[in-house]
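Structure first, then comments.
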Amino acid sequence: MLKISASNLNALFDRIAEKQTLYIPVDREPNVSEYKKYESGMTMSKALNTVRSAKDFFFPQTENLAEFKVSGKTIEVKDIRKENEDFVVFGVRACDARSFGILDKVFLSEPVDSFYKNRREHGTIVTMACTRPAETCFCTTFGIDPTVPGGDVSVFFDGENYFFLDNTPKGEAFVASVSDMLEDGDASKLAEVQENTRNIMKKLPLSGLSTDSFGGERLMEHFNSDKWAELSESCFGCGTCTFVCPTCQCYDIRDFDTGNGIKRFRCWDSCMYSDFTKMAHGNSRNSQLERFRQRFMHKLVYFPANNNGEFGCVGCGRCLSKCPISMNIVKVMKALEDK
Amino acid sequence: MQEAMIKRAKELLADGTVNRVMGWKKGEFAYDTTPAVFETAEEIDRDFIYNDFTQANQSKYLIKESRKEGKILALLKPCDTYSFNQLVKEHRIIRENVYVIGIPGGPKIDIEKIKAKGITGITNVKNEDYTLKIETIYGVETMPFYEAVSVKCESCKSKKHVVYDELIGEGGDILDSNRFDMVEKLENMTSQERYDFWRGELSRCIRCNACRNVCPACTCENCVFDNPKSGIDQKAAADSFEENMFHIIRAFHVAGRCTDCGECSRVCPQNIPLHLLNRKFIKDINCLYGEYQAGADTTSKAPLTDYRTDDCEPSVVHERGAE
Amino acid sequence: MQVNENFEPVIVAFCCNWCSYAGADLSGTNRLNYPANVKIIRVPCSCRVNPMFILRAFQRGADGVIICGCHPGDCHYTSGNYFTRRRITLLYSMLDFLGIERNRTRLEWVSAAEGAKFAAVMNQFVEDVKKLGPNRRLEDLRCRKQ
Amino acid sequence: MQRIGVFVCHCGTNIAATVDVKAVAEALSHEPGVVVSQDYQYMCSESGQELVKNAIKEHGLTGVVICSCSPRMHENTFRKAAASAGLNPYLVEIANIREQCSWIHKNIASATDKAVILGKAAVAKVHLNAPLTAGESPVVKRALVIGGGIAGIQTALDIAEAGFDVDIVEKEPTIGGKMAQIDKTFPTLDCAACILTPKMVEASQNERITIHSFSEVSDVKGFVGNFTVTIKKKARYVDETKCTGCGLCTEKCPMKKVPNEFNMGLDNRTAVYIPFAQAVPKVATIDPNYCMMLKNGKCGVCSKVCSVGAIDYKQTDRFIEQKYGAIVVATGFNPIKLDKYDEFAYSCCPDVVTSLELERLMNAAGPNGGTLLRPSDKTHPHTIVFVQCVGSRCDDEKGKPYCSKICCMYTAKHAMLIREKYPDTEVYVFYIDVRTPGKNFDEFYRRAVEQYNVHYIKGMVGKVTPKADGKIDVQASDLLSNEQLHINADMVVLAAAIEPDKTARPLATMLTTQMDTNDFFTEAHPKLRPVESATAGIFLSGACQGPKDIPETVAQASAAAAKAIGLLCKNSITCNPCVAHSDELMCNGCSACEKVCPYGAITYQDKEFRMPDRSTAIRRVASVNPAVCQGCGACTVACPSGAMDLNGFSNSQIMAEVDAICK
Amino acid sequence: MNKNEKDWIDITSGVNVRKCMRCGKCSATCPSYDEMEYHPHQFVYMVEKGDIEPLLNSVSLYKCLTCFACVERCPRGVEPAKVIEAVRLTAVRKQGNNHLLPDQIPDMLDDDLPQQAIVTAFRKYTK
């Protein structure tokens, strides 16, 4: 396998950044990381995962869709779509890498979302295998192996060297473009590291969590469960879980009158919000119970029902650590699952 | 302490003083406690928890709970009692329907501060004589208790319960806190430095509304930012202006009403020090219009619905130190 | 900082109907000059000015916002301007705290008899804002004029 | 879809000279919703209004924007025009392109640009205007007169004459005010008491007039046509209904060393007293600062001698609440305190007196029974110096910047009276200017000089020094002969400036009326509405509005009465429809709005609501009384949820204007 | 009329002579009145008219004790003493130089010199 020593990683970053935009996770505060556009001298974070997920690269929080200009009685529509430039996201974890597949199902099925598609086509995802999972991790519940992270290129770290494995033609091209900096290396230690990580995963407090009780076929049963009232009782209806979630994909489209024209843009929306999908007649879900139920039903029941059993959660654990009142999908699953 | 609270809660349930108990429910880990309403002694025995992590301010829940059938027991930390009082003052909580027990407050621990040390895989946290013993799947770690104290407790303003029907443990006093130090530090910066500081902070905002929704002063039936008729509604900040706008207006709307409970900063997933905006207003109000602590009582006039004919002119802002 | 000699700031002035708007009228009646940059919005009382309006003005491209009301004690509605004074003092202080240039905002008391003061205040304010240059710290880039 | 008409006025050349009106009309014709955009020579003229009316009918306009002079000038004109053409008057907006544009700017290009922007802002606003209907509120047929001097008495008599009930609130134990203290009046030299006291009696006997003496206004709520006033009836410790004014108690009262304020402290009265013989009401009052019974419970003589049992030591302040349709302020004036004028030795020399003190010294009912004697040694003064403008026309904190107006005339009067009664007395008047505009005024002054030989000297007194021999050295300059004089005087009389009564300022706050920097009430218009305040339903009578002599005061008092009668004649008045209203669905019931409302227009009620989640809930919500609300908008900003908004100046309208201006 | 000189006096005195309402209280209060050819009110009036030459040549200039009685008493805040002082300064400067230096004052003191003159001298030279 091709490898680069840890000490040369920044040289590699410099090389990548010469040709295209490179994003890497960097520490904002100790062990709190966020993706930043790479600039020479930046150090890759050692934190397990970024606070915000990597979905931002393909589905940003706000995005302009079109512009209109009204003059007199005529409306001029301006198509503002343009080809994106190539970019690389480095250090994506297995959970986030899986989330792209989930987002793809939403945005790339007909009608295709051209903004999303454009970004996907121009983005190369370089993943990073996990070695030190946290107690909030439960990706294995959804069949994700964090030691084989996927993406266009998988990167593994054995403590000294980073190993590169391309998974797609785009990944192959990426590795080829930097191959002169890489060297063939002995990946024998990797298997040991991976095995070690897998063992840790089994010891994690949430390792026993299972999706067996969920899926499309259990729709009415879960929908009518009497547990929702208690579960949703303390929910404040903020959108933190939604906005840190790598798979939440709901958005609202709005027009903004700049005074010199209209900008139509979309922005993330949260099914937890009281004005989510508000229509002329009002809201479709009027109580926080209904809204709360919607979010988890969507991830655990509706999504798999429409997508061959694939769940809408990747077990990254962000909502577990960020919910202001510590209510989360794990507690929901445990409450609803067959005992 | 937890035992005393459980005992008293069960007594009050049993004698019919209350029919529900607002408390905290234990979670998956040692630290994730969730505010919950308990209706039976069994539920309390099973799930009730009160420990170093039970930080959440429960007063906001009482808006709804106090409008339900029967009386509810609220266990309020000193800081929560200020929020509670303020909500009673604004006619949001029906006081008669709440039985308030004042309970000792913090300092509470912020799990994020433990995690910031690189400690992960946490399975248990024990406080052994103000040294935290943190059990993880990677082994046991220790750190001094005070290094993990949450930001809101670091600058605790008061250990006094301003409202209660009874107390568990001892009542405390208003403290001489250092809560305005950071505000002052910012005030002493140049305008450009302050601008850069706040851009750095506020640009991280993801408009998840956690700060607003958790805030006991933000209890509007319909927030102006959710109301298309207000003309300033927004779901996400499409421009840095909207980031500023949201936080300025939010801070302004709670000015004179914010009790400085610190929940906004606690819940911010992006760790934006939002409490500094509120404290700036509090500091200004204290300096310009006389000491005022929102929630300290239910009768005094709030600084923004009051005035003196000899109030200072806005030029005080323009005349302050250097730009 | 590069100073643009041709910079013509957009100034929004909120004037209370009873004193300052009449003061502005008086400066017109007396043919007292002040720059055309100043555009006046009539409000019943200075206490009608919501901080939202001020921020909105900056968002949409204003470079300075000034509020004018009756002198304290002279409010047509008795107490309106006292509330204004507290609210706006705190708001301006907050804007300053956020690093917004403090000379972009002002509150002045102008009575119906003070046409000369109105003109003088506006002249001074426009000059101050000109010195600051265009509002960049509290603008919405989407609204910037090309 | 809105159909908006824009009408740009040339105002002759007032606008058209600096604003290209045709270009403005052209530019505004492209604004959204604008279907007609015209310019015209004089839009406010009858033919101009006709143009607007025709356009409303012809184009079916839903909104009108007039680009013209200030809305303070012609907003009503155009609203009326719109109404007569069938358009709701509140769908008219004015863009002020004269006072705030053409008259300000010289450059045609920039003035035209600005006029276009102001027009656009008005168009943007009118898009959001809602038709408003003015409500009506009934008028309480009763007037309140605050102050019982000659102004208040005259106003009350006139209003009562017209058939309305009037209450007079007077803070002193008797009505009469300053005029009751005056000896003779200029320029006719008739006795003040002879013309005032019949009026006082008339007021007390008029069944439509209620006199609340020894009372103060403590609270005013409400609005034109419907004021609710709380009157504090101060404890006088004498039952007004029982006291016959026999005066026995005042004779027997052992506490006889109380400075008599009616005689300017020049003699003493008793602790229980009737200010003067013709007081109205003629009722005794006990001064609690001196009464031994009230101070330490030892005495009770008055109670013993009172045959009708009117003395009541347990009396306390009483508060009565009364509704009024109109309020007339007649709080009058006082001479300023002279203790800061060391150079005139007022504080240290008893023979330096103010003019009002001189009135008492010369009055038959005064301390000396009408014989002019020096206060110090009760001897007859042979040289008297009058000093004019003491504290008037001053540019410093000690005095007042205005001319007190009455001093020149009363000094001439005093000089003349002294010279007539005591021809052996030399009288000097030091003046800066002698101001005598008024019927027969200058003739009066000339008589003092020519007939009575009063020495008028142009110049000011610089220094007054009491000497050991009891004489007073007056050092002054004679500007015409350019010399410094020293006059060996027996008495010096200072014409102290007059100032509004101290109770006027807090009263103005209660009444929500405006005052100038000197605490004189500001009239609604200095020329055209001199007796009305800017606050509807509040009228001004007498010296509270500015220095006045008696004839002027009486004239203004009658004028104020006429204005009040005009209001009271109406059964109802049209309310301002630009008032606040709360969206109950958004209201939190937090009471912030209620706390900032100066009119108490906001109340709360618990109402049942169907919530979005189909449950019902009882919520506390605000509601605004449109008849009480004056439309200031304080509540709209206090309201965090935006539930409170203001008709005619709504959040969205103001933001639309902001947007249009910043565009 | 010497416009420049008038402007100069306006500036150095900081007094707005147009505020005078000609009441003469300054002269009425002046202890040096009889010594003077032109009295305080005349100073003010003549400066206002620009009629400064006679003042410059008058002994009155040096009779003012700068006791500030006129300043204290003037109801219009005109401050005649400052006007006189400004005229005096004009006269001094006209001579080309300050002939008197602070250190020279002690030597010039004699018993006949009024105290107030000494004070005046100090006041003048400490500025």
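Letters A, B, C, D and E mark the chains in the order given here, with residues in each chain numbered from 1 onward.
Keep in mind that, in the parts below, a residue touches a chain if its C-beta (ideal position, glycine included) is under 8 Å from a C-beta of that chain, and two chains touch if they have at least 3 such contacts.
What you are looking at is a predicted structure, and each value in this text was computed from that prediction instead of being measured.
Shared contact partners of subunit A and subunit B, listed by label: C, D. Minimum number of contact steps separating subunit A from subunit E: 2. Greatest centre-to-centre distance from subunit D is found for A, with centres as Cα means. Think of the whole protein's Cα atoms as having one middle point; the chain whose own Cα middle lies nearest to it is C. Here A-C and C-D are compared, and the pair linked by more C-beta contacts is C-D. Chain centres here are Cα means. That of subunit B falls 51 Å from that of subunit D. Centroid to centroid, with C-alpha atoms defining each point, subunit D and subunit E lie 45 Å apart.
Centroids built from CA atoms put subunit E at 70 Å from subunit B.
Work out the mean CA point of subunit B and of subunit C, and you get 36 Å between them. Among the residues of subunit A, those touching two or more other chains are numbered 256, 259-260, 274. Subunit C has residues 51-52, 56, 60-61, 73, 79, 83, 87, 140, 142-143 in contact with two or more other chains.
Annotation for subunit D: residues 596, 638, 651, 655, 659, 662-663 touch two or more other chains. Under the touch rule stated earlier, the contacting chain pairs are A-B, A-C, A-D, B-C, B-D, C-D, D-E.
Residues 10, 12, 17-18, 21-22, 24-29, 31-34, 36, 39-45, 47-53, 56-57, 60-62, 70, 73-80, 83, 87, 119, 143 of subunit C are the ones that touch subunit D when the two sit in their complex. Contacts from subunit C toward subunit A in the complex involve residues 60-61, 140, 142-143, 145-146. Within the complex formed with subunit E, the residues of subunit D that make contact are 343, 389, 393-396, 399, 432, 458-463, 475-479, 482, 484. For subunit A in complex with subunit C, the touching residues are 256, 258-260, 263. Residue ranges on subunit D touching subunit B, taken from their complex, read 585-592, 595-596, 604, 617-620, 638, 640-643, 651-652, 655.
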